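Provided herewith is a single structure, encoded as C-alpha cells, for subsequent inquiry.
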Amino acid sequence: MTDQIIMFISQLFSGLKIGSVYALVALGYTMVYGIIRLINFAHGDFIMVGAYVLMLTIPAIVAMGMPAWVAIVPAILVCVAVGIIVEKAAYKPVREKGNSMTALITAIAMSLLLENGAQAVFGADFQTVPTIFHLPSIAFGKLKLPGDTLLTIVLGLIIMIGLQLFVKFTKQGKAMRAVSEDKEAAVLMGINVNSTIALTFAIGSGLAAVASLMYCAAYPQVSPMMGAMLGLKAFVAAVLGGIGSIPGAMIGGIAIGLVESLTKAYIGTITGGVITSAFSDAIVFAILIVVLLVKPSGIMGKNEGEKV
Amino acid sequence: GCSGGSMDDSSSSSSAASGDTITIGSVTTNSGTAAAYGEAEVKGFELAVSEINAKGGINGKKVKLESLDDKGDATEASNAYNKLAADNNVLAVAGPTISATTAAVAPLADQTKLVTIAPAATSDSIETGNYLFRTCFKDSYQGEVAARFAAENLKVKKVAVLYGTGDPYSSGVGEAFAKAAEKLGMQVVDKESSSSADDTEYSAQLQKIQASGAELLYAPYYYSVAGPYIIPQARSVGFEGYVMGPDGYDGLKLTGDKSQYDKTFYTTHYSADDTSNTKVQDFIKSYKAKNNADPNTFAALGYDTIYMIKQAIEKAGKSATREDVRNAVAGMSFEGVTGKFTMDKSGSPTKSVIVLELKDGKPVYNTTVQPK
Amino acid sequence: MKKSMLSTRQSYLVCFLGILASFGVVMALCESGIANSYIKGIMMTACIAIIMTTSLNLTIGVLGQLTLGCCGFEAIGAYVAALASKYMVATGMLVDPTLRFLVTTLLGGVVACVFGILIGIPALRLHGDYLAIITLGFGEIIRVIIQNLKVAGGMGLDKGAAGQALIGIERTANLYIVFWIMIITVVVLFMFGRSRYGRAVKAIRDDEIAAGASGLNTTYLKVLVFAISAFFAGIAGGIFAQYIGSLNPTMAGWLNSINYVIMVVFGGMGSITGSIVSAIGLTILPELLRAFADYRMLAYSVVLVLVMIFRPQGIFGSWEFSLPRLVNRLLFRNPKAEAEEKAEAAEAGKTDAATETVATAATATETKEA
Amino acid sequence: MLEIKDLCVSYGAIEAVKGISLTVNDGEIVSLIGANGAGKTTTLHTITGLVPAKSGSIVYDGHDLLKTHANKIVTLGMAHVPEGRHVFTRMTVQENLEMGAFSLKDQSGMTKDLDMVFDYFPRLKERRRQLAGTLSGGEQQMVAMGRALMSHPKTILMDEPSMGLSPLLVKEIFNIIVTLRKEGITVLLVEQNAKMALSIADRAYVLETGRITMEGKASDLLHDEKVRKAYLGA
Amino acid sequence: MTDAKTSEQPILKAEHLGITFGGLKAVSDFNMTIHKGELIGLIGPNGAGKTTVFNLLTGVYKPTEGDFWLDGEHMNGKKTYQVVRAGIARTFQNIRLFKQLTVEQNVLVAFDESFSYHLGGAIFRTPRFWKQENEMHAKAMDLLKIFDLDGLASTQAANLPYGQQRKLEIARALATGMKLLLLDEPAAGMNPTETEDLLRCINTIRDRFGIAILLIEHDMSLVMSVCQRIQVLDYGRTIASGTPEEIANNPQVISAYLGADDSDDAEADSTDHATPEPSIAKTMQEGAR
C-alpha cells in the first residue's frame, strides 16, 4: 500500500467515525419524524442530556467495578424519560391544537429549554467524560483503524437492522407505521395512537442515549450546547437519506461523515487551494441541496408526490 | 430635524457618579455557545468586586457590578451596552467577551464616552485606544511570540497551522503565527482550516499535516476543542511532533491518556507556577475558596480588568467623570495576575507572554517572553 | 349601511393619520429625551425585526412555505451595504450620509433580491420541511462563504485574515428614516397581500395543484414572493450593518433565522399585525427578562412553549388590526355594525376572510364614489 | 345490539348532530341516508370514538362506547370502514389486511382470514403485494372493507362504500354487504346511493341537518313519496 | 349534435396519447376529438386511466407518447397554467378548493389572467387597480349567480357543504375562460336529487358558454342523459366509443364496467325485499332517451 492509499483509507475511516455517530442520531430523528412529521429539534439536546448522565454516572459505575459503558443504562432511562415528558407535556398538546409550524416552533423552544436548563444546572463550561471504551486499534500494516470507530459502525448497523426488523415485523412496529400514515384509520384498527407515539419517542430517545455513548466515546466532552450542531448535521443526514427511512438515516449519516472528511482532506488539493477545508460545512449543504433537487425526497425516500 | 433619530447622540451626560456607590457595568456572553468564557469572566469580576468591597471599596464608595448577558450576539451586546451607558452611575464597563460583540460595542463606547475594557477580546480587527481598551494582548502579538518560541526555543524548521475560519480569534492568531514563522525562516509546510472553531472532528486535516512532515503543529483553538479533540486526534493519526497553541489552551480539558499531551506548549497571560508574581497565588487561593474550582485565563483576565478599572477610578479621583476615567486608563501602568504592563497608544497592553508546557497533563511554567 | 362606513379614501386618510401619529410618538420620545440611547437602540432593533418578520411572513404565512434561511439574505444585504458604504467613504462618493445610507441599503436589498431569485427558482420546487432544510443549508453556505471571503473581513485592515469581522462601517442609520422604511415595507406588503398577487399566493398556499389548474403561474409567483422577502431582508440587513457598525458572518446562520421564524409563528402566520406586534414584543421580552439574569433564556423558552401550547395559532391568528374599522366602530356605533364586527372577530382566529371582506367592501364603496 | 340515544355532537360552534336516537339490532342491515353534511359521517365517527360526543349515550352489547377508548372499540367486535377509505397507502395490500387483525389477541388464524378476504375480493389476491396507495379507488374500497373484516367483527359500520366506484363494483360491494349479513354480521350502512341502500337494508333512518326526520322499514321508505323526491331523484 | 362533425376545427384533438408509470401503462393509444358545444362522457372501471387522461390533457403529467392539440395548437409539454390559459380547465376527483379563501376569491383567482395591473398598480392602488378589481368582482358575482352561490360570496370555501364545494369548483374552472371543460366525477358523493341539480347546471353551462365538456362519471343516469358520445376505457385502452345506446349495449362494456344485467343476485339474497334492484343498463337506456 502506498502512503497515498493508506491516507485515503484513513480518511475514509475518520469519515465513517463521525458518520456513524451522525447515523445513530439521524435514526432518532427519522423515527420521530416518520410518525408525527415533526422535526424534533430537541433531539440533539436529548443527546446532550444523555451525555451529562454518562458524565455523572461513569465514575460511580467504574468505582463499582463495572465497565464504563454500563452507564448507558441510566443514560437510556433518563433520555427515555425526558423524551416522553417532552412529548406528553409539549408536543402532544400542540399537535392536537396547532399545525405543523407551531409544532416546529415548540420543538425549537424545547431545544432552547433543554439547553438553557442544562446550563442553569451544570454551568456553561465544558466538562470531560472519562474514557468509555479501551479498545485497541486494529492495524493492517501501516494502516491503523481505531477500535471504537469500528464499534460505532457495527453498532449503528446492528441498530439499523434491528429497527428495520422491528418496524417491519413486530406488532408495535406495524402500529407505528400505521399511525404514521393515518392516525384515524390506525385507531379503527385498535391501535392506541398516543401510546404508539410515546413508544416511538421512547425508542428515539433511547437511541439518543446510545448515540451519546458513542459520541462521548469519540469526543469525550459535554456542554449544554453540544447537541445543537450535532443535531443539525444529523438532521441533514436524515433528510439526505430520505427522512422517515431507517436505512436512509444510516446512509445519510455515513454519507455526510464521508463527505466532510473527504472534502476536508482533498478539496484544497483538487481546487488548487481556491476552496479550502474550511468550506466543508458549505460543501455538505451544497451536496444536500443538489441531492434534494435531483431526488426531492432524499436518497432512500419514497416520492410522496400527490396523486391528483 | 432628524437629529433625534440619530443613533449617535452624545447627549449622555458625563457627570460624575453621585451617591455612595460606584457601578461598574459588564456585558458578557453568558448564554449560547461562548457562554463558558463569559461565565469565567464574570466569576473573575465578582471575585475582584467582592475583594474590593471587603477592603472598603473605591474612593470609599462601595462597588456594584451590573452584569448583563449578550448571548454572543452583536445586537444584544449593543442593546445591553446602551442600557449601561444610559445609566449615569455606570462609570466603566468590563467586557464584552468575544471579539464579535466587542467590535459592535466599540463605536458605542466612543459615542457614550464610557471607558470599556475587554478582558479577552484579542482580535486585531477591533479598534481600541479611544474609549475601548483591553486587558489581554492581541492575536497577532501572541502568534508572533509563539513563532519566536518555536524557532528559538524548540528549534523547529517545519511547522503546520490549523485554525477555524469561523472564529476571528482562531484565524487571527493562526494567520499571525504563519506570517511570523515565515519571517523567522521556518517553513510552513501545511496550512489547514476548519469551518468553525468548534468542530469536533479534525482527523482529516491532521492526517494531511502528519503527512506533510511538520515538526510542530500550531493549532489556535480553545481549551474545549484542543484538549479533547485536536491533540488526541493528532496523536491518533500518528503525529508525534510539538503542538502549540494560544491562551485559549488555558484550562485545557484533558481526556484519556495524559502522555498524549506531552510536547504541548501554549502562550498565556499568567501561570499558577509563576512565583515571581505574588498576586497569582493569592488570586488562585481566593478564587478556589469562592468558586471551588481552579480559575482559568478568562477568570484571571476578568479579575484584572476590574482592578484596572479600580485603579483608573481611584486615579481620576472622587468626582471623576467618565472622561476622567478614560484618561486614567489610557497609558496606565498596571500590575495584576496576568502580568505587568503599560497600556500602549492603541489601547492594548504591552505585556510579557508566558509560555507553559504540559507535563503529565499539568501546565508547567516554561519561560516568559518579554515584549520587544 | 353606506352611512355607517368610512369611504375608501377616508380609510386611507385615517391610516395615514395613524401612521403619522405613531411617528409623532416616536419623535416625541426621542426629542424629549425620554428615549435614551438604550431605548432608541431597542426601537431601531424592533424596526429591523419588523421588516424582517413582516417580509418573512409573506413567505411563511401567506405562501405557506417554511424557510429557515432569511438571515442569509439579511447577511447578503448587510455585507453589500457595508462594503458599498466603505467604498463610498473611501472614494469620497456620496458624501451625504443620509443619501449614502439610502443608496447602500437599497443596493443591499437589490443584491439580496437577486440571490433570492437565483436560489428560489430551484429551491421552490421543494415543499415543507424539505424546503426548510434546503433554505437552512443555503444560509449556512452564505455564512461559510462570507467567513472565507477576504473582502468581507479584511477590508481596511492590515491583516487580510479570513474570518475577521467587518468593522468600521459608518453608522449612518437614523431612527426616523428607518422608521419610514419600516412603514413603507409594511404598507407595500399589505398592499401586495390585498391584491390579485396576494390572492394568488394564498391560493397557492391552499392548493398548489388547483392554483396551477386555475391558470396561475405558480413558479413565477412563488419566486416573486421569495424575491420580495429576500429584498426586504436585504434592506433590513443594510440597515443593520449601518446601525451596528460591524458585521460577523454568524449573522447568516440558521439560529438567527429561526429567531425570525419564531417571531412570525408567535405573532400568527399570515397576520401582518401579528408579525409587527411579535417583532416588537420578542425584541423587548428578552430585555425585560434581564431581571432574571442567568435564567433569562430559560424563561424565554418557557414563555415560547406556553404560548404555543395555549395559543397555537399565534397571538393574532390571521387577524389584522384595521384602524379604519376601529374608527368606524367608534364613529358609527350601531348594533348591526357591531354584530358584524363580532362575527368577524370570531372568524378571525381561523381566517382572514373577514378582513378581505372589509377590503372588498371598501372596493365596492370606492366604485360608488367614482 | 347498538343503541344510540339523544346523541349530540359538535365541532366547535358547529352542531353537526343534534340529538339523534337510533337502534341497530343484531343481524340487521340498517341504512342511514341523508343529504351532504347531514351528519352521517359524524354519527359513525362518534360511535367508534373518533369524534367526542357532547351529550347522549351510545351502548353496544352492554358497553358504553362513549366511555370506551377509541382503540378498544374494535375489540368489542365493531369495525368501521371509514369514508374516503383511509387505507395505509405505503403498505401493501396484504399488510393493510394484516393491520385489520391488529386487535386480535390470537394471530394464528391470519392465513385463513386472508383467504376469506381474498374469496370476497379476488382482485385483492392479484394485488396483494402492491402498495395500497397506487390502487384505483375501487380497489382501495375493497381493501378498506377487507381490512375491516379481518378483525372478526360482529358489526360493521360502512360510510359510503359505493362512492366513486364503477357500477359493476357498486353491485359487487352491495352483494358483499348482503353476503356479510347472511353470515350473521350486523351492518350500519351510510349511503348516498339511497336507492341501492334501501333495497338491501332491513330498516333505515333519514338524517337531515343533524336530526332524524324519518325512520322505518327500508321497503316502506323506498316507496315513501318524500324520500323518493329528496333522495331518490324520482 | 353528433352531426356536428363538420370540417370545422375540433376543440380538442388527441392522438395516440399514452403514459407509463414505471412499467405500468396507465393510458395508451388514447384518441379523441371534441368539437365546440359537445359533451362527451369518459367512463371505465376504477383505475382504467380516466383521471390520468385529464392529467395528461392539463399538463399535470407529460405524455410519454402521442400528441394533443387544443384548437389546433399543439399542447404537448406545456405547463399546467399554460394549458389552462390556452383554454382547458378542469375540476378534480377529490375537491381541491382554496379552502381558506372566500367563495368569491376562489373565482377571482381563476380570473387572474384577465387582470393586467402589475405590482406597481397593486402597491400604489392605481385607478386601473380599482377599475379591474371592481370589474372582476362584478363578473365573479355573475358567475356565482349561475350556481346559486352569490349569497355565499364571502363565506370561507372550507365551510361550504360538499355539494356547493363541487359547484364552486366548477365555477372556478369556468372563470378561467376555457374552451374545454374537464369534469372529474362531479356527482361523486351526491345523492340522486343533488345529482339532478348538478345535471341542470352542466346543461346550463354548456348552452350558455358554448364550450365543449368532457365528463368522467360513474353515475350512469347522469352520463347517459347528458352525453352525446361516450368513450370507454379499460386498463388504459379505449374499449368502446359511441352513442350512449351503443355503449349501453356493448357486451365488452357491460362485462368490464356496467355489470351483467342480472338483476337477481342482490335481491335474490335479500328475499324479503319487494323492490327489485333497478337494472343499471335499463336506467341508462332510459336516461339516454
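The chains carry the letters A, B, C, D and E, assigned in the order they are written, with residues numbered from 1 in each.
The rule we apply is simple: a contact is a pair of C-beta atoms (placed from the backbone, for glycine too) under 8 Å apart; a residue touches a chain by one contact, two chains touch by 3 or more.
Nothing here was measured: the structure is a model prediction, and the numbers come from that model.
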| item | value |
| --- | --- |
| Path length in steps (a step moves to a chain that is touched) from chain A to chain B | 1 |
| For chain B and chain D, chains touching each | A |
| Chain at maximum distance from chain A, centres defined as averaged CA atoms | E |
| Centroid comparison with chain D (C-alpha atoms), farthest chain | B |
| Centroid distance [mean C-alpha coordinates] between chain C and chain B, Å | 37 |
| Distance from the mean Cα position of chain D to that of chain A, given in whole angstrom | 43 |
| Junction residues of chain B - those touching two or more other chains | 30-31, 164-166, 195 |
| Sequence positions of chain A contacting 2 or more other chains | 116, 119, 228, 276, 278-279, 281-282, 308 |
| Interface hub residues of chain E, defined as touching at least two other chains | 60, 92-93 |
| Touching residues (chain side chain D, partner chain A) in the complex | 48-50, 69-75, 79-80, 82, 86-91, 95, 98-100, 102-103, 133, 147-148, 151 |
| Residue ranges of chain C touching chain B (in the complex, touch as defined) | 27, 30-31, 33, 36-42, 44-45, 98, 144, 147-148, 153, 157, 159, 161-165, 167-168, 171, 173-179, 240, 243-251, 286-287, 290, 293-294, 296-297 |
| For the chain A and chain D complex, residues of the former touching the latter | 171, 174-175, 177-178, 181-182, 184-185, 187-193, 302, 307 |
| Chain B residues within the chain A interface of the complex | 30-33, 35-36, 38-40, 164-166, 192-196, 198, 200-201, 203-205, 207-208, 211, 223-224, 227-229, 236-238, 253-256 |
| Sites on chain B touched by chain C in the complex | 2, 4-9, 11-12, 30-31, 67-69, 71, 74-76, 78-80, 82-83, 85-86, 99-100, 103-104, 106-108, 111-112, 123-127, 140, 164-168, 170-172, 175-176, 195 |
